[in-house]
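Here's the structure, in structure tokens; my notes come after.
Chain IDs A, B, C, D, E and F follow the sequence of writing; residue 1 opens each chain.
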């Protein structure tokens, strides 16, 4: 990679130096600090690179509500599975969504019961599938602003076949996390801000985190050096008694975010209150299609039934506390026993971004 | 265990292992049975798509069984092929598959000596399923016993190619790549090793579940584990990129033309030399060692000096996006 | 959240809306709806088949500088075996 | 041959034979391969229903392969079992099948030494398909050569039971009958014959396509045929009645625990004596003889003194009504 | 079988004696005679017992239009297959019907294309299937009066589920054969009358055969002795220059037929013109449901499309001439070559009652 | 046409409309809608699960007599090896 040296971020020398720097810097810390990241892919990198091994004992890194699959409500999963079983439709969704348990069924289990559900890699592939299908194709669109942006851009700029519909469960991270901070449900000493979601939203929106809650907030990329750099900057801020938004992933994130993406989102979606699995309703945190796009809105074009007895977490599952960073999977009595990636009890055991799954796969247990 | 069989039970991962233990009560843990001076093995093959970059179900079904015979130190000799065919299947495709079986068998030095054909209703099979069973002559039995601390773990080439090539085609991921399945019999590569005096402790082809499954299975409920240096594992650049695009580590992606070999430490370099004489072994690497300390576990040491568990996969990994 | 990887733009068409990205010999169709002024040879972050941001050279330099600043601090502070 | 595989290609009848000739280009015509002093055979089993009067797919898959080993004069020793299971299949049923496999294997004196398990999508299999491959030790090779005019044709017991028992259950014919499949391994029955000095020319178990297929296959493209006395063919009364109700002759109904044996005329009575010592052979009969005159054909002589061709079935016979 | 000795009819001694009697009696014949039976099951018995072997050279027994499957028109087969492929229905029919080729498809081939078609042994089993199904179940009801009678009795006497329908292609033998005789399409010196169809119709209706065409007509059962007895009686009639209806199957057939069956048929069906495959339209030969039973009449309750380009016989197929007894399968160039029971060209190669199939299976060729 | 076989009535219910027939140990449900005055022990011809006619003893005797008449003619005429 010619001019832009991307290899540097997983160079062992640099990583070790950053690790040493953090250890040195951490000696000055007055107490053990808890740094929360809010991005499943960060958790994945941390586990994969063994980064917790490289941190001093007085720095704990925990995972917050950063997996869009984990925070998708059973209410929506139940409703769309019901539709797929009842009507002659094709349901499209991302691979990580397939095993997420709803109240009774996951998408995978619905497939065994005859539902036509297909994994896609991208909304654009989904549109192609619809073009070649004579069924209504509904894209169960999950994901944070990073994924909402392509959905919006596609609807805005592409010719969408008449049989292609969106069921949006897209969510907006900054508002979700802000609400949780405000409610006191989560607490930490500093935040690692998401790398890719922030390319869309930009970092300005996170200034309220520093201003209102005094939390050092540093955006990070996904290589080992990226995450350690963010932690280094956080520790420096804490030692300097600062609390500011910093960008440790400048090669990708612009402070103002991606204007074109923001415009596409604004054009297509509006923000409204949304249920986050296990966390309840959070205002201004969910993307719904604007009326202008109602013809593509599965929620409006199909007769979708919602029930009130949906189950977000089976008894015993600590997912909601784990998502909030209050507990770790080790605190859940079901972890690795009744709850495994094969037969997950809670959503955190499903996606490779889910904390429980991440710990199951590669955690040192 | 759940009350019903699920796809995960067939993923070749942890659930498969448990099913075999609990229902079939089989404990050998070897790829082929050793029966005096012959080896005997069986595998049924179902794959989607039937024809893929680098091979087809025919080639796969020959290579798989030949390699399983090699695993126990046998020279592969005879194969059976049993077809289950879906009504409506094109005879042309069948001819292509049969041709491919014959070519791979010839390349592997085995004779196809018996067969069977069943046809099932349209829809009751995914085109064609092929069972191959194989008989080999034991040159020296390799049973996975006498494993010592420090024994070397060798992988005969770069990993993950088959699994990703298939996944790309099966799930229409539209990745445009030269990547091809590595499916291949390893007679020419492994037989010289078996015939040498290198002290081979254990061999297994890292198929379903990939390297991660293979290593975990080798030490499953045993008094040893593995310490693997992540940076030594050979991974082709395209596999590495696809791994990142899909969010699936290459260690979990299947191989159909690779061998994991545990040899005594003293012979590790000689083993590597023998492998490297064959083009199929040109990327062979010593990737780690047996460690009594980590009994039952596979420890991956990262290039950053940190460690983590390389867990046994539970089910097939699906591409992820968020 | 949001798996994304850096890939190089190798083809652009449809007036900049579509194209092909590449890494390690792997090519894939990519949508560029959200990126302005893209040129062949640029690097983008691809998420779900869509470029979500461009990686600019000067910003990449900046990123390295950030690390260097830390490490300078460290090198000054006390270097161990590395 | 048509462009697509049809169910008839798998009926075990003429179409199957042609498929094997034209696509697989196999010509051995033996139930097992003879490889020096070992015999090797394979069969995949799909049956509906999986559990039927008299047995299940597990018992069937052991018996079928054991009997095929016996056919070439081998003592059955080792079996492999390879399962293809449909996602959603009840583990309880799987346990029952495995139990039944173990019991039949024990009864047949064979060891199950290796296995495989694959799971396919729900709907892509009919519950479970089982491949068994088998290895036996050749006591004396029986290759179907040296057949002479006048050699005796023996059937080891009454015919048609398996096919009709299955058909009744599968097609819900609602025939209330004690009829059970005859599925059984024949080790105890046939091994003594193999170990005797009776001059055995040829053996085959008349499975798919029944006695009619078996006899026709034995003389297919050969320089001899058969003359069979219809009245000597042992048929149980209930089979005869079902045959009339359904309009299907019992000669076309499958057997899974019978053997057709061609022996030299001089030894025919001794062969019968040996068979009759075992309860499974109590209905054994000499039903006709080899005839060079009728090369390639099976002639049925009726009890009325007339003759007709007993043709090779083309496809599975279905019950008829009009 | 206690008082009623049924074994006698396949007693080799008796059969041989009858054969000898016929040979003796045939010596008196002035010319080679051609006896036609009009029943596929008779053909089946003749082949199975090798009866042609037991007849003298101057007696030829040929098969007439006696297979209900062979005379079912492609027009009906095409129409019902089309419906089964298009609509969400279950089609029920007898095992012999499955492989009969229509213009393009057989029922078997339609199954591979996804049609829900099930074999049944009896209409009564079909009704039970309908009771346990939530689909409309249509019974494609083929067969002569023997089979029409149970259909009628069922509709008349049983509680029929609302989702059970009849598509009648039932035909009435005596009228069909009478029309063929009248048209001169078939000719023979004598007739063996069907054994089981005549239990329903009785034999009186066949008196027009003797009166108008001077044909000795003898009804026969299905054992070897039954058929030989009928032939013996025929030869005697010819030698005596008689032409009368005789009953060689008195243990089953009553001269007046089965009154209750006739009443059931009259109650449920009316006779109308009907297409016999390869033979064209024959008046008063097809059973259609009376208006009273219209709710069960698939032809009235479903939107069935008929085309005019249906193909009764593929080019080269001699079925129609074989059905008429004018040719034998050996005269067809396709026989055993392109036309086999596996991939039948004409209907006569399908049913075990079809002459071509019968010859293929057991004929001495 | 019309495969039919003789079976013995072993059970009658529903006022004579339904029952069970048997032959050689094989039993099947049978409909008797078309037969009057059926008794257990009677023989019927069963076609497609339905009795289409009863076999009466005296008529069976008659059938045998018909054969005998022929054979008497033959026996009188000239017997060969049989």
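One rule holds in what follows: a contact is a pair of C-beta atoms (placed from the backbone, for glycine too) under 8 Å apart; a residue touches a chain by one contact, two chains touch by 3 or more.
Only a predicted model underlies this, so the values are computations on that prediction, with no experimental measurement involved.
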Touching chain B and also chain F, the following chains: D, E
B-E compared against B-C, more contacting pairs: B-C
Remotest chain, chain D as reference, centres from CA atoms: C
Chain A and chain C: spacing of chain centres that average the CA atoms, whole Å: 21
Chain centre separation (chain C, chain F; CA means) in Å: 90
Approximate Å spacing (C-alpha centroids) for the pair chain A, chain D: 60
Chain D and chain E, separation of their C-alpha mean positions in angstrom: 34
For chain E, residues contacting two or more additional chains: 16, 40-41, 67-68, 94, 112, 121-122, 125, 143-144, 146-147, 353
Residues of chain F touching at least two other chains: 1-3, 29, 47-48
Where chain D touches two or more other chains, by residue: 2, 6-8, 87-88, 121, 174, 247, 320-322
All pairs of touching chains, each written as two labels joined by a dash: A-B, A-C, A-D, B-C, B-D, B-E, D-E, D-F, E-F
Touching residues (chain side chain A, partner chain C) in the complex: 1, 3-6, 8, 13-14, 16-18, 20-21, 24, 38-41, 66-68, 94, 121-125, 143-144, 146-147, 149-150, 153-154, 156-157, 173, 194-197, 199-200, 222, 225, 229, 232-233, 236, 248-254, 258, 260-261, 264, 353
Chain D to chain B touching residues, read off their complex: 1-11, 16, 19-20, 23-26, 28, 32-33, 35, 38, 40-46, 77-78, 80-92, 94-95, 98, 113-121, 123-126, 129, 131, 133, 135
Partner chain D, residues of chain A touching it in the complex: 111-112
Chain A-facing residues of chain C, complex: 1-4, 6, 8, 17, 29, 31, 33-36, 43, 45, 47-50, 52-53, 55-57, 59-60, 62-64, 66-67, 70-71, 73-74, 77-80, 82
Chain C to chain B touching residues, read off their complex: 1-3, 5, 20, 23-29, 46-48
